[in-house]
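First chain A sits with chain B, and in the next complex the same chain sits with chain C.
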Partner chain A sequence: MLMSLKAFLPELTLVGFLSALFLLDGFVPKLRENRFPLVWVMVSCLGAALATKAASNLTGPFFNGMVLSNGLSTFFRYFFFFSCGATAYLTLSSKEIDSRGRSEFSILLLCLTFGLSLMALSNHFLMLYIGIETVSIISFVLAGFSRESLRSNEASFKYLVYGAVSSGLMIFGISLIYGYTGTLAYPQIAEALVKNNGAHPYVFYLALFLVYAGFAYKISSFPFHFWTPDVYEGAPTPVATFFSVGPKAAGFGALLHFILTALSQKDGNGQWTMIPGIQLAPILAVLSATTMVVGNLSAIAQTNVKRILAFSSIAHVGYVLMGFVVMTPAAFSSIIFYLIVYCAMNLGAFWVVGIVTDLQGNDDVSSFRGLGWNMPFLGVCMAIFLFSLTGIPLFSGFIGKFLLFGALIQVPGYLWLALLGVLNSVVSLYYYMKILKAMWLERPEGEVKALRLPLTQIVGLLGLAVPTIVLGLFFSPVLELAQKWVAQ
Partner chain B sequence: MQFPILSLMTFIPLLGMLVILALPKDKPNLVRWTSVIFTGVPLLLGVWLYRHFDASNASVQFVERASWIKAFNIEYYMGIDGLSIPMVLLTVLLSFLCVFASWGIEKGVKGYYAMFLFLESGMMGVFCALDFFLFFLFWEVMLLPMYFLIGIWGGKDKVYAAIKFFLYTLAGSVLMLLAMLAMYYYSEPHTFDLLALAENHKQFLDKTVTLFGATYALDKILWLGLFIGFAIKVPIWPFHTWLPWAHVEAPTAVSVILAGVLLKMGTYGLLRMNYPIFPEATQWASTALMILGVINIIYGALCAMAQKDLKKLVAYSSVSHMGYVIMGMASFTTAGVNGAVMQMFNHGTSTAMMFLLVGVAYDRVHHRWIVKPDGSKGFGGIAAVAPVYTGMMAIALFASLGLPGLSGFISEALVFLGTFSNPKYQSYVVIGSIGILLGAAYLLWMFMRVFLGPLNEEHKDMTDMNWRERLTLLPLCVLVIVLGVYPMPVLNLMGPTIAKLLAALGVA
Partner chain C sequence: MNLLDFANSIEGYLLVSSILFVLGVFAVLTRKNAIGILLGIELILNAAGINFVAFSKFHSAAMDGQMVALFIILIAAAEAAVALAIILRFYRLKQTIDADEASLLRN
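For the complex of A and B:
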């Protein structure tokens, strides 16, 4: 039990800080009038990250096999704590989350991050379900955080309806798997599947697809992606920012753990092989292909920047799923690398959108017009993030794609997917360029609004833009770290 | 440690970009002169390079090599041989001249020159890189400044032209990316080193890949992936539709760079990668290449003939002239390939002159119509008011159509000579030579309508070229004449390298 608590230290730290904030806010209501709650979030994330470092060498299942700690868990913990802290940082100067809601926002954000951790670490279907529901319920509240905004309310409600359907499907799938294997714990499921020696009934595949519905909803993969653009558009920008990074990564983390522990075996060389009789690669390939095609093609016609970025985030899910098609350690480390660079560039892009929304009052492409000339720093940063999202060399997004396509091309039979993937990135250029075109190639209509960015924003944007470039030129250390996490 | 001249030539413009970005906004002349310095130094280094390049040596020289990303065996590997040095010299020369040709830009001078210097770095890198990853990096990075240069400082339809250019080129380069990754993973040991890949080209034979359920030979698929990427850049018909837009909408200096240097990257890439790394697939595709070359020559010329816009005419003439390069390359003969590379250089100088001259006229009269769209007269008889301008145009034009004594003649003659000496392709020479006739026709017809005849009264106040413009064109003019009379300085540079390339292909 003590071991379990030790291994759970990062989450416990988070919960500790969370409870403290809750009490502080109750007893000292004045605190919410300044930015203290957001700073508190950053401090708690830092604390949790330090705890992660301390707990990173404790591997294996704990809490009676409910939760699994390994290298991947370490990575995902760092990832969530970083993106939560970064979101709090960018909310500091947001007008959408003002003094009335800062405390609630901070508390919910920390709760959400705790849920994300649970999701990504789960080693048992019950734990997974609790994690997903924790994340979902808090997400519904956060999506509707702007209470006076009709859009925000709509976003929340849509999220709720989709969430209810997909978790219903998932729990039905889980019940089928329970009926088939007699257990809910991942390792035992694997044992039961191995015993069947390749002969799985069709209902098992149905169950897998239903379970995938839950994951697909979280990562917004086709065909459970429909909520994404509406929620991102309606939710306050800081919330959408976090949604586009945190829950997505948690979905990937949970999916990774599920596939690796419940559906595959690790051989002596550290290679994973699927349990005999399970053929996921072709299905995942088709899901990956449809996700990126649907995401990219839908983005073309959009005129709202948040919707463009929402569809682009769906397309990126498609790219990451390519890594799942290939079950090699190289592919897993490319997935991790991709998530890291995606986090930096996507947070950055959403951040710029948030600044522009605060400045112009809306987030249509037209409100970006001429902004590059009036606010060159912002324009250059946005260009860096968008070029990186497209996957142009010199920027880290290219390296992410380079690694993923490299992993894919080594496997015979999936050249078509690689071809589709690269052509998709050409399509994506078109809609990313819509934003850049408005910023740099067009002149603003009417009076020019420009704003001197506060230092915090400049520092923060630089903190995301610089890694976006540096990781495009020197990526070895981060890649080695990713490989270490995968191997652990 | 050898003097890192290639790195200096590549990164001095990039340094210049940073310096320019730090300069104050309200001093455009300071920005311009800074650009002169940061393009002038690479030009001087280029002269030094030319003097010290050992032309009798067929292997790569001035090599700089350092490990960059160990996990993928990626190296910072620069070096030039006879194939790249003409292009390197062309790049530094045209970049330097273009700084002067852009003197008239008033809007966002700082941004313009910063982007321009960034572009020069990219171009230099492409011609010097010998590691595929590095090559690809430079190749793609060039797109960014190009997009902004066309999109911000271009003409009426600049936004459309810029995105079309960007999308087309990116489509080509992502195929190249896949081919690059496949080449890396199918080679043993895994490498991006272009020379090592060429050395061990046999390892790509007898392997297959499956695509959409069918099985193909690996080397042919990879050849095609690279080819499409390069063909879009050349551009080879039917991938050429971005070209008239980009060339016409771009500001003068950028058109010069586009036509003078960027198009050559396509053919350079074919000679640097497709030819030595996949010789068997190149043999397999050679007839198709020859046919595409002939189509380019004829199609480009016919399109040029139909144009009413002077700049569009020059743009289509590029399509036609790049056809000769493809033809010479596909002939698989020493004379043909030499002619092709020579044509790459010569077209770079003559088309640069043409675009610069079109820009000179546009700066004065703000239109480029040979015949206005409503059918009325555009230019006409401007020889009467601008004699120097007319003379310069005559030189550029005759060089372009291949008048003996000017540079275009040498390269086109070599191309036809080489192609004719390959018995397989004699009939193509016959068709291709119609292109010469068509070329003469559209250029002379244009010359007649624009410069000769009675003066269009609208242009009676047109001034002749000023000293800045004359001096910008002078070096190109000299090159065109000198290389027309005595082409050996360029031919000598590339001879041994091309002989080695052809030997590796199993011909000559």
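For the complex of A and C:
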């Protein structure tokens, strides 16, 4: 038990800080008038990250096999704490989350991060379901955070309907898997699947499909991606920023743990193979292909920047799913590398959108007109993020895609998927360029609005733009780290 | 097979839960009223709960199925609380809880 608590130290730290903020906010109401709660969130994320470092050498299942701590868990913990801290940092100067809601926002953000950790660490279906519901229920509230805004309320309403339905489908699927295997813990499921040896495939695949509904909704993969553009557009920009990074990565973490522990076996030299009788690679390949095609094609016609970024995030999910098709360690480390890169560039792009929304009052492409000339720093940063999202060489997005496609073509039979991915990147150039063209080639209508960015914003944007470029040139240290996490 | 045997076998429970699940999905897909959709979701969750208890009773020595059913009830309650709050606020702003009226955000 003591070992379990030690391995759970990062989450315990987070909960400790969270409870302290809860009490402080109740007893000292004056605190919410300044930016104290958001700074508190950053401090707690830092504390939790330090605790992750301390707990990273404790591996194995903990709490009677409910959670699994390994290299991947360490990576996902760092990832969540970083993206939570970064979201709090960019909210410091946001006008959408003002002094009335700052402490509620901070508390919910910390709760959400705790839920993300539970999701990505889960080693048991009950833990997974609780993690997903923790994240979902808090996300519904956060999406509707702008109380007076009809759009925000609608976003929250739609998120609620889609989220509740897909998690309902998921728990029904889990109940079928429980009937099929007689257990809910991932390692025991693997044992039972070996024993069943592919009996009653229809029941099993139906159950898997229903379970995938829950994952697909969290990572916004086809066919459960419909909520994404609406929610990102309607939710306050800092919230959408976090949604596009945190819960997605948590979904991938949970999916990785599920596939690796429950559906496959690890052999002596560190390779994973699917349990005999389970054929997932073709299904995942089709899901990956449809997800990126649907995301990219739908993005073309959009005129709202947040919607464009939402569809682009769906397309990126398609790219990441490629890594699941081939189950090699190289593919898994490139998934991790891609998530790191995606985190930097997507946080950055949403951040710029947030600044422009605060300035212009709306987030259409038209409000980006002439931005590059009026606020050059912002324009250059946005250009870096968008080039990287497209996957243009010299930017980190290119290396991320290169590694994923490279891992994919190592295994025969999936060249078509890699080619489709390349084609999709070309299509995505069109809609990213639409934003860049508005920023640099068009003149603003009416009076020119520009403001001097506060120092915190400049530092923050640089903190995301520099890694976006540097990781495109010197990626090997991060890649080696990713390989270490996968091997652990 | 008489009715009593049917009630003592797992098939009976699975039949009921499957019917509940299908009805729930049907309600979610066809209802326009937000509360109706919420009721459909509750049906899906309860279908899963029945499955868990039935599988646990007939196929497993441990109590983990019953445990999960308890957790489902708890989580459904939490979800319903948040859902009703969201629907209430939607009603305040729009004077309707028709899901089709949530049409501000679309392509």
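By definition in this document, the second predicted complex is superposed on the first by the 485 of 488 C-alpha atoms of A that agree within 3 Å, B and C clash if a C-alpha of one lies under 4 Å from a C-alpha of the other, contacts with A are read in each partner's own complex, and residues count from 1 in each chain.
By our rule, contacts are C-beta pairs under 8 Å (C-beta built on N, C-alpha and C of every residue); 3 or more make two chains touch, one makes a residue touch a chain.
Here the structure is a predicted model, which is why all the values come from computation and not from measurement.
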Contacts of A:S476 with chain B and chain C, given as first, second, both or neither: first
A:G179 touches, of chain B and chain C: first, second, both or neither? second
Chain B versus chain C as contact partner of A:S425, first or second or both or neither: first
First (chain B), second (chain C), both or neither touched by A:L126: second
Chain B versus chain C as contact partner of A:G234, first or second or both or neither: second
Which superposed partner A:P393 touches (first chain B, second chain C, both, neither): first
Winner by number of chain A residues touched, once chain B and chain C are compared: C
Partner chain in contact with A:L415 - chain B first, chain C second, else both or neither: first
Contacts of A:T59 with chain B and chain C, given as first, second, both or neither: neither
Sites on chain A touched by chain C in the complex: 125-126, 129-130, 133, 136-137, 140-141, 144, 147-148, 150-151, 153-158, 160-161, 164-165, 168-169, 171-172, 174-176, 178-179, 182-184, 229-230, 233-234, 298, 301-302, 307
Contacting residues of chain B [partner chain A, same complex]: 69-71, 108, 136-137, 140-141, 143-144, 147-148, 151-152, 158-159, 162-163, 166-167, 170-171, 174-175, 177-178, 181-182, 184-185, 209-212
Chain A to chain B touching residues, read off their complex: 373, 387, 390, 392-394, 398, 402, 405-406, 409-410, 412-413, 415-416, 418-419, 422-423, 425-426, 429-430, 433, 437, 440-442, 474-476, 479-480
Interface residues, chain C side, partner chain A - complex: 14, 17, 21, 24, 28, 34, 37-38, 40-41, 44-45, 47-49, 51-52, 54-56, 59-60, 64-65, 67-68, 71-72, 75, 78-79, 82-83, 86-87, 89-90, 93-94, 99, 102, 104-107
